[in-house]
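Each structure below appears as structure tokens.
Consider the two complexes below, in which subunit A is the common component and subunit B and subunit C are the respective partners.
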Partner chain A sequence: MQTPMMLRLSLALLAICLAGDPARAFTAYVSNEKDNTISVVDLQEMKTIKSVPVGQRPRGIALTKDGQKILVCASDDDTIQVIDTGSLQITGELPSGPDPETFALSPSGDLLFISNENDNRVTVIDIADRKVVGEIPTGVEPEGVAVSPDGTTLVNTSETTNMAHFIDIARRKIVANVLVDPRPRFAMYKHDGSEVWVSSELGGTISVIDPASHKIKQKIRFAVQGLRSEAIQPIDIRFTPDDVTAFIALGPANRVAVVDAKTYAVKNYLLVGQRVWHLAFTPDAKYLLTTNGLSNDISVIDVSGPTVIKSIPVGRLPWGVVVSPK
Partner chain B sequence: MSQALATRQRGFSLAQYLICLRGITWREALRFVHQRERFLSALVRPLVWLFIFAAGFRQILGVSIIPPYETYVLYEVYVTPGLIAMIQLFNGMQSSLSMVYDREMGNMRMLLVSPFPRWFLLVSKLLASTAVSILQVYAFLLIAYFWGVQAPTQGYATVLPALVLVGLMLGALGMLLSSLIKQLENFAGVMNFVIFPMFFASSALYPLWLVQQSSPVVYDTCLLNPFTYGVELIRFALYAEVDWTSLAVVGVMTAIFLAGALIAYDPARGLLARRGGG
Partner chain C sequence: MLASLAATSLLALSGPRSNAETAVIAVGYLRWMERRPAISLLDQQPADDGLAGAQLAADDNNTTGQFLGQSYTLIDKPIRAEDDPVAALRSLGSQHVGLVLTDTPADIVLKLADAGKQSGVTIFNIRAPNDSLREEQCRGNVIHVAPTRSMLADALAQYLVWKKWPRWLLAVGSHPDDALLADAYRRSAKRFGARIVQERTYKDTGGARQTDTGLVQTQQQMPVFTQGAPEYDVLVAVDENEVFAGYLPYRTWDPRPVAGSAGLEPVTWDASSESWGGAQLQNRFVRLFHRRMTGLDMQAWTAMRMIGEAASRANSADPAAIMEYMKGPDFGVAAYKGQKLTLRNWNWQLRQPILLSDGRNTVSISPQPGFLHQVTELDTLGMDRPETTCKLR
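Up next is the complex of A and B:
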């Protein structure tokens, strides 16, 4: 009687262990702005396993839709490098215009929208053909780019004009400009396309914009106990797949804000490393990674808590991060 | 042959030992429950540190990750194991204070004339005071939890053996000290010369790497302080880990303090006989 009981118990325990672990069986790629490398982080081991040399000043980083290639902006080399996730070799380059910092992929995965900070324009690239297929003039110092889930509209923020520009992708034309707080850094659509959130680095706010009326519905402000308000500089924004919760990186506040995306109430601040910059979910959305520029590491947030469970050293000045299901 | 003599010949049974232990524990618990101010002050003291002192230093840490922490922690998270150890330190000292009091009031005579071996009476007293300190610690951890200082769930169970060991070490130290104190009034001196140096020259308030940067002498002092190892043992246990060095130091120091206390309270050789106490 005892043995089958023990066996069942062991099997149950084994099942729990097995069920718990593959969730983390992902690989993260972190662009290190100062080291000119990409750190490859095994999220099962929670360790940096490799460092891949790339072009100068790598910043914006993305995975192609098929997960086979990593695209990384080598800002000081004025190009976008294509890296094979299998061999980790640079297999090609995409034209990008000068000083590419960040970009966004279209939902179909065939177009890339790059903000060219010094030229006040967004460059549109066809990834398959490796060709520039459009250039759209926008505000001064364009930065954040976000594509609507239906692939029709591009939102581009300009850091000096302090606007979010709504661009019709088919016509390559601005259709609306929304004035937001100083130095808008980043834009993000909800998964259902109902709202665009724009972070203002110097204003310290998030503007919630209705993409239909192009009006600001709400402004979200932050206050961290014991911190001066100047230290709170919102950068990256991520929504959980159900659009219920938003995570916002607060830069030199060293915190990630957890925001209820329905009521816009800030629920919590999670302590991560110094100058938290960009965020990325694991494909199962169970974990959120943050790049901490000044402490040279990434922090892993367990979304279910949400709690910060680990910080993993990477290269110097980590900027962006993507996670592949490998 | 009378029954009493028969009992003495074959020694006491385990049940009888347990009755004695229960009696001493019960008295300690009653004393603790009836002194509401003591319970309150035992809780308020670490909470003042947590709510006020730690709030001022909130941003100080978060620049370096040290084991057992896996990521950056706020100062209030760092200081919590130190405050737990502080609760046990104060409790250990207070319990020995009560021994001085008992001695002055004559209650101790009653305890020490008990037919049970002296070591058993003292160890029982020690276990009782440790149990009381553990109650205080869990009350503190509960409040800290709602203040946002949360350890991993299993940590609340794994910290228990560490609390028992550290409670015994500090209680035994208090007991040893109490044997050296003749009068209740002298106790304030012990507080100043034992509690404060032990607490401040340890890893309770600041991580040792920070201490080392500012003063190597203080750093060495911290390393010689058994309280440091008590704090670290609790800190690791709260994260379901074992710090073997701390475990070894705390174990050895407990044995030394306990042996010292037993010798001190031994009527034949002890300091009590010489001082005319008891």
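Up next is the complex of A and C:
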């Protein structure tokens, strides 16, 4: 149980001892869609320490498997920029296809799957060779991409077609299409691969899909007292490493829902900043960060509570976030 | 062996399907060819205004349809004032078209609805804003995608009240349509606590719009037309036929903003709208048609997407099954306006946020914060269920 008071105390102790608490020796990188920057956030100090200029309209952001490089979609420059985490310099680009919004890495870390919103397709990139190795036609406005833990299947959501497309990665072929509620934004596998959860922004629901049968086995709905149902717009989904709890960002509801991932019961709603879209755990899974687009900050959730312990100002219109060990 | 069999059968169920299995959904488009003159060159109506929106949505539907074994065709049927619209509808009927988008004035919508009723045709009204079509003249086989005058007036009124500009000078054109729109503004003023300090009529005396020397005259006329008004905050122009409203900004006697039919206008779409993924739609549209997307394009796009959405949910190409789903409780369509659009089941009017555009940018989107409703805030725009006189037949 970590309270803000205890946290401040431990931070003070850290400063005195100059001994890094490994649990918090992390750095977060936040893509700021409106600023054309990446905010570098020191999670020990709990503050933004640097702002790195990048291409236009940075959105999707990821770390390479070795933690050495940040990949960021510069959507309006039609490219993915590669940033060295040590020097914070842009060291290269990946051929993304037009208007890349978001992407996912294969578990082995060698392939990158990018949704190209304007072209109704997913582009597959070999990261080491910096080459396009596949293009897969999908539905209208492909958005969320998720790779199964075994690396065989890619799930891509299409916002206007309203489907989760299951793609055989080896054959680059769609094997199933699952109709979900309006404007599916994000897909996430459980760590054990047993379920894929897909959020529908305008449907206000999460569809829990069995990846073997491609059937929706459950729909999760949300209700917050005093809020119009239209304001509840689920986006990002994260599972704790044990798959016991899911955290779901609810967009303009300004809340993160805490869901029992076994019973699908919504246990709690955590008030964060405005228009919360994307989420990322620290590598030790003790903290969850949220990007709050309209309040220009990130919230830090202590997962053990779970409670919101801090908000940290970043750039304008923060979109995505990743965390690396320092 | 078993595994490969399973893989084969999965493939058969997914991915693009062969033609033999594809069900065709044919949608008609009755295109009104009478074009009204515009005050600004920039506002001249493109020849494919509306139709282009429907074509883009048909493309979008077809991308989705390939996964479901559905394909969409759009049949364009241009009509002029002297043509018989019912004959045009019949010729669509002979091509097995059960769903028809109409870009026509209200009286023709009504004729088409009644003619289509016997043959089970559903009309999607994408242009006529007449409240009467949703009220005393409502029909069970007409889906209204275009907003009503009362929705548009309420959308602007909420913003003006929120802005604390409650005193309006109402400048009304002399066409019958203008009288209806003026009624809508009077109702909105009363509803949201604004006050019309005075009404003035601008008579349409005919003639060309802007001409080589017309500018000089306009500069004299507009200040005089607005001279000597009681204290007011904003001039609300009511001019559906583009006779004078476009001349008002910067020419009023008192320095006041202009809203309504010029200045800050309530619209269903604006080429500047990029929120909620709107930039993607704008990109797709410009790429295909090499021009910007208009409100009528958006209304046509939305109508066609409503058909696609209902067809994919109902998993059917049968017009009756599509309409049953669309009229059911689960129907909603996403249209880049931040929330699902749904149908009012008492008159089949599409609920929708209304954009307020200054012609360059989207200034605001109504409903405005603080205008509350027990069902949905979208029902603060236009005639609500308790007020309706519609009895669906």
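Criterion: the second predicted complex is superposed on the first by the 305 of 326 C-alpha atoms of A that agree within 3 Å, B and C clash if a C-alpha of one lies under 4 Å from a C-alpha of the other, contacts with A are read in each partner's own complex, and residues count from 1 in each chain.
Everything below uses one rule, namely that a residue touches a chain if its C-beta (ideal position, glycine included) is under 8 Å from a C-beta of that chain, and two chains touch if they have at least 3 such contacts.
What you see is a predicted model; the values in this text were computed from it and never measured.
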{"item": "Which superposed partner A:177 touches (first subunit B, second subunit C, both, neither)", "value": "second"}
{"item": "Contacts of A:325 with subunit B and subunit C, given as first, second, both or neither", "value": "neither"}
{"item": "Partner chain(s) touched by A:92 [first = subunit B, second = subunit C, both, neither]", "value": "neither"}
{"item": "Which superposed partner A:274 touches (first subunit B, second subunit C, both, neither)", "value": "first"}
{"item": "Partner chain in contact with A:67 - subunit B first, subunit C second, else both or neither", "value": "neither"}
{"item": "Contacts of A:53 with subunit B and subunit C, given as first, second, both or neither", "value": "neither"}
{"item": "Which of subunit B and subunit C A:161 touches, first, second, both or neither", "value": "second"}
{"item": "Touched partner set for A:140, first subunit B, second subunit C, both or neither", "value": "second"}
{"item": "Which partner, subunit B or subunit C, touches more subunit A residues", "value": "C"}
{"item": "Intersection of subunit A interface sets (partners subunit B, subunit C)", "value": "none"}
{"item": "Contact set on subunit A toward subunit B in their complex", "value": "225-227, 254, 271-274, 295, 299-300, 307-311"}
{"item": "Interface residues, subunit B side, partner subunit A - complex", "value": "55, 58-59, 62-63, 65, 70-74, 150"}
{"item": "Subunit A-touching residues of subunit C, taken from the complex the two chains share", "value": "7, 10-11, 13-15, 60, 63-64, 67-68, 277, 280, 283-284, 287, 305, 309, 312-313, 332-334, 339-340, 376-377"}
{"item": "Subunit A residues within the subunit C interface of the complex", "value": "99, 117-118, 120, 139-141, 158-163, 165, 173-177, 179, 182-183, 202-203, 228, 230"}
